[in-house]
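Note that the chains take the letters A, B, C and D in the order they are written out, and that residue 1 is the start of every chain.
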Amino acid sequence: MGEKPKLRVTLLTGRTIEQGVGKEHGKSSKEYVESVSVCYMDPEDMKKLGVKDKTNIQVSTAFGSVVVKAQKSLRAPHPSVIFIPYGPWANVIVDPETHGIGMPSFKGIPATVEPAPEKPVLGLKELLELQFRKG
Amino acid sequence: MMVNLYPLKELKLPIVAECINPDIFQGKKPAEIEKLEVWEGNKQKKLGELFKAEIAETEDASENTVVVIHGDISRVKRIGAGMKNGEIIIKGDAGMHLGEEMKGGKIAVYGNVLGWAGSMMKGGTIEIHGNAGDYLGAPYRGSTEGMKGGKIIVHGNVGREAGAHMHKGIVKIYGCAGQFAGFRMHGGTIYVQKDCEARTGACMVEGTIVVSGRIESVMPSFTIEGVKKKVKIEEGEVVETPFYLFLGDLTENGRGKLYVAKDKNPHLSHYEKYL
Amino acid sequence: MPVVKAVTCPVCGSLCDDIELTIENGRIVKVKNGCAMCEAKFLGYCCEHRVLKPMIRKDGELVKTSLKEAIRRAAEILAEANYPVLYGWSNTSCEATSVGIELAEEVGGVIDNTSVVCHGPSILSIQDVGIPSCTLGQIRHRADLIVYWGSNPWSAHPRHIERYTSFSEGRFEKSAWRGYVTKIKALVGRKKIQSAIKRLVLKKPSQISTHLEPTFVSPIMRKGRKLIVIDVRRTKTAEMADFFVQVEPNKDYELLQAFRALIRDQELAVDKVAGVPVEYLEDVADAMVSCDFGALFFGLGLTMSGAKLRNIDAALSLVRDLNMRTKFIIMPMRGHFNVTGANTVSTWQTGYPYAVDFSLGYPRYNPGETSVVDVLLRKESDAALIVASDPVSNFPHKAAEHLAENPLIVIDPHMNVTAQMADVLIPSAFVGIEAAGTAYRMDHVPIPLKKVVNPPRGILPDEEILRRILAEIRKIKKKQEAA
Amino acid sequence: MELLIRNGFVYDPVNGVNGEKMDIAIKNGKIVEKVNERRAKKIDASGMVVMPGGVDIHSHIAGGKVNSGRLLRPEDHFKDFERKTVTTRSGVGYSIPSTFTTGYRYARMGWTTVMDPAMPPLEAKHTHEELSDTPIIDKASYPLLGDWWFVLEYLKNGQIEECARHVAWMITATKGYAIKLVNPGGLEAWGFGRNVNSIDDPVPNFGITPREIIRGLCKVNKLLNLPHTIHVHTNNLGKPGNYVTALETMECVEDLADGDKPVIHITHCQFCAFKGDDWRTFESGAEEIANYVNAHSHVTMDMGQVIFTDTTTMTADGPFQYILYTLSGNKWVNHDVETETSAGIVPFHYRRKSFVHATQWSIALELALLIKDPWKILMTTDHPNGGPFIAYPRIIAWLMSRKAREATLKKINPKARSRSLLPSIDRELSFYEIAIVTRAGQAKALGLKNKGHLGVGADADIAIYGFNPEEMEPSKKYKAVRRAFKRAAYTIKGGQVVVKDGEVLKHMDGATMWLDVQLCEPCEIELNEDMKRRFKEYWTVGYENYPVTEDYLAVSHPITVKADV
């Protein structure tokens, strides 16, 4: 396990038009789920890690860890910067600290990425059940 | 006199209790103290519903009223707000707005405190033996009325914007400071013994910040002025080690002084070429 | 088939009010003039994820119930609470928010809207610095320099550029569309143009180029509009720009302060700021100083990272300082269609734009203390009402956890993630489609929202549901007082 | 509901009643000849002053600008709050109170009608939403029209009647009450960061001068038969030497006067009565202004009194607010509105010890006391620009008592004191004159037929103050005057007792008054077609979504006006 490649990156979360459109279809819709359980990466970074487009990766921060699908970024180059759309998957790993202003840190969080071919991307229901007692 | 306060239960809701103030307690009997009004969540309560008050007459007949609170009161806000005399000792963690607009007297906390401790302070001393939250000594939202006097000592770390808008007084931090220590400072002194996150002294106009540890970065809108052999923090406290002296913030035409220990900050050595 | 014109789109803060909807058998079948998100909303709002019956949690499961019962239960939860939070409000009408504030006052709760996790930091810095701004038409007519900083209108506000900025046609400034097309043509040829046009989600290109022939000749020499994009990634908006500045993540503050120093003609003692060579910054600063009318739009790229609110402090100060040299304005790119309205109503009724705490019987405000995420992180609340929002899928896990532990009332048209955690779920009508009301555009212009179709049977607008809950709470309180 | 107010000392200048002890009868919200004495609810007003409810011709209480001021300044109101009670909503106060608090605080002082003087037409809905949330008082708002592109273009082309039709449309579409001009021409210039410097300085890009705009809209106002005159915030406001501009502004419409009927209202005149070349040579121009006004009958004005306090300045005069920002270094909001107007906000602290501020304080009082006819000079603070409206009782005391003025004079900047004209003025206003400057004159200038008096048929808006003029001399007991006006013994609105002993008894909606300007019908249709065609070019909001519909008004009170075009 020790040899598994790991990349130190900066995590951004944010809006995408796919997420925006998916949201209007409803939060349980396939469109929405697929649009927010992904991680956009610089192709060079993917090469370094040895992950292919649409394969599973694990993203971890000081606040949690989540499995999402890697996706080649069309906005490269942005080495060592990864992007996950707003949503329940991103929330597992964002920094809740508000620094006394009410706003958690949704962007610019130190994170690590590693390939996770053996781990599944959880569906919405599973993800919520894992996190909350209700649902 | 000495007043001991013991929380009667684990406090979960936010509590506003500006009545916990030596000036108000002075000369009152426990039953009178317990009748003072506080808010627990959205319900008005008597202090006695949350705390048991006991008075221990002290030997020395000085007029000083000392309030000792035993236990975690991190949910209790505005303790000692506006106090002028006396002393508060908190044996546990304390809530937000501790000593807000304090004018005199002393507060000591043997634990951590949340945000806005010493906010808008004008006089007196606050000593925190644990960590302090964000906006230590800073003004209320939208206001530029920062610390106008007094002294805050923190033995642990502090959050963001410590000493923002400070005009006078001193803040000593023996741990690390978060971003924007001394933001828009107009006077007074901030001393950070350990490390500082970025943007220390941003938009400062006057005043002094001394960083003895590592500083993440110096703002591009500061210029280097020289290297000093030692820096005086206050009467009787001098740090004897070489410091870079930066002036800023240029964006505000400021002449604030930012001293950064040379040995701890080799990443700033490139500034020396400008000397 | 009836066509409804001048419909306001209830999606983003641009609040385009030129949408045409074709209605057939009480359903919207065609959307004209809208962007992809607008179409998705008007055509897809009535999908299978719609909640059609009020629900209550019994033995851990959500089960259907009557509206009356759901309202009674919701009122009980709020009336009993010692520190309830009432959150959401950005995707509903001002009228609903107004009732929400009355409700919060009645139950002594904390009322907060979604700006707390988007442009709340912007508001905090406006309270420190102020803000030189204007309405969007002013930019259309006059701006010859547009800057988008940490904001990607292509994704979040698709028609912003076309309606209000670079590609809009004004009295003193003409659209830069032609220049953009020429540039693309030179770069990549015809095929890419088509896709570029598609990407912009605009009207047909022919319509654009002939759109609005100028009826008056500008006495000002047209210098042509310039577009600058500053971001951590080369976004789609960045591809359209005349200048693109790629800033290192979390370093926007340094860059902004560097610009502030540069426009004061001060020398920087560094070669690079935030990864950008100073010479390049000097060029951009020059463009800012020498324009006739500049406009800086900023997004969550600034509010959420690094210096957070102080990024905005610096941006506001930069633009304020630029007014010593020329005309310059700045505007936050507000996300949800009525987040500005939620702030506006809250401000006129309570004095404060969000994070208002009524627990002491009067409005108190201190984000960081009275803001919903902090209240949840400190586990202070003991009940929650969520209206037209989905905090469980937007808040950090730790905050969402306490929300799910609270007795939770959700008013929403959809079975969103928060709704799945609800103890009381009351379905509502879509404001701007099935219910009328007022919304405020990102530049504070109030625009009416239309009711174009009927909601499903038995479904009420947020405003009405909230009124009923409020009435029920007052009844409960009267009973308690009598007892 | 019948109500009988007995035995008060009644001051009703419109009807010539000067402190006579008499009864006032009320039925169904109106003042009537008499009521059934047995059935009517009785209020014993013996030993008290009875006046019509206060009227405020110029007070920024609602709309985008006011609300930006609230948002800008949490530090202004966090210590001045009002708790929720069984009858009233909670809120915050100080210089820019929240809407509920605004209504209550006016009512507590016995004011019942307030005019918001600056409504950007594009954001008129916002103004009306706030007015509807301002309880108890009746209100109205003036759309800002002096820099509207339509006005500039039509006046440039000499098309007065076309201009009038469009102004009529706009007033009705925005549910407005009067034509407001702010730094005419200067606000359009501010769109590119410039200004105009005199009434003959051409407006960039439009080839028209402020003089032409002022004269043009004055003519339009007459063509439309509007109840109020044009309401003018002059060019060069807030700049030393600007009393000349104020004089020129009044002179430029002298020839348009109809007999004794005023044709122009110069608002917050203190701010445009500055003499001197710069801030060092700054001095009062009140005497020159007063001399002019005393010799002419076509002008009314209001004071714009400065109060020594921390307040929030806000006007549509964008360039002026920018200057105020550069002078003070305080935070600054600017908000330009496409094709129409602008706005600016700067917090400001007026200090007794400042030469300029103390002189400003003196100027407003000099104006009020040197202008002989109280019907021409009305009491305002230009809330919140000179200070919050809750300072009215202090101003009343200064006007009524030389002693009160001296007490303040003692505390102000010595240079300002030595130059002040106040020590040379003995005049002390009577309750009768106070009733004119605070209600009767205000209502008359506004053309509000049912307000500001207690004659039969008037709205039963009445204030009763606990001060006995038989027992006390207001000039000596000015502190008692202040107390009496601070908390009315009773405020009656529309025949209902809403305040007793300074406490609000009732949360009720007041009406929003607006002008339904009726043109010849064919013109109206043509106008609409024309407007539609040009709407897209000028604004970013569609024609259909622009007008304020009546449902934005909690209580709509249209006033029909028949125009001559």
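Keep in mind that, in the parts below, contacts are C-beta pairs under 8 Å (C-beta built on N, C-alpha and C of every residue); 3 or more make two chains touch, one makes a residue touch a chain.
Small disclaimer: the values here were computed from a predicted structure and weren't measured.
Touching chain B and chain D together: C. Of all chains displayed, C has the C-alpha centre closest to the centre of the whole protein C-alpha set. Across the assembly, the mean Cα position most removed from that of chain D is the one of A.
For chain pairs A-B and B-C, the one joined by more C-beta pairs in contact is B-C. One inter-chain figure worth recording: chain A and chain D are separated by 57 Å, centre to centre, where each centre is the mean of the chain's CA atoms. Separation between the centroids of chain A and chain B, computed from CA atoms only, is 38 Å.
Centroid to centroid, with C-alpha atoms defining each point, chain B and chain C lie 36 Å apart.
Our note on geometry: chain A versus chain C, Cα centroid distance of 23 Å, whole angstroms. Along chain C, residues 124, 127-128, 306, 358, 360-361, 365, 367-369 each make contact with two or more other chains.
Within chain D, contacts with two or more other chains are made by residues 72-75, 78, 331. Under the contact definition stated at the top, the residues of chain A that touch 2 or more other chains are 99-101.
Taken pair by pair, the chains that touch are A-B, A-C, B-C, B-D, C-D. Of all the residues in chain A, the ones that touch chain C in their complex are 10, 12, 14-17, 20-21, 24-29, 63-64, 73, 75-78, 81, 83, 86-88, 91-92, 94-96, 98-108, 124, 128, 131-135. Residues 115-116, 133-135, 159-161, 178-179 of chain B touch chain A in their complex.
Remark: chain D residues 62, 64, 66-68, 70-75, 77-78, 81-84, 89-92, 96-100, 122-123, 125-126, 129-130, 133, 191-193, 205, 322, 325, 330-339, 342, 345-346, 536-545, 549, 552 touch chain C in the complex.
Interface residues of chain A facing chain B in the complex, by the touch rule stated above, are 99-101.
Against chain D, in their complex, chain C makes its touches with residues 5-6, 8, 17-18, 94, 98, 102, 105, 123, 126-138, 140-142, 163-164, 171-172, 212, 215, 218-220, 292-293, 320, 323, 326-327, 329, 343-345, 347-353, 358, 360-365, 438, 440, 444-448.
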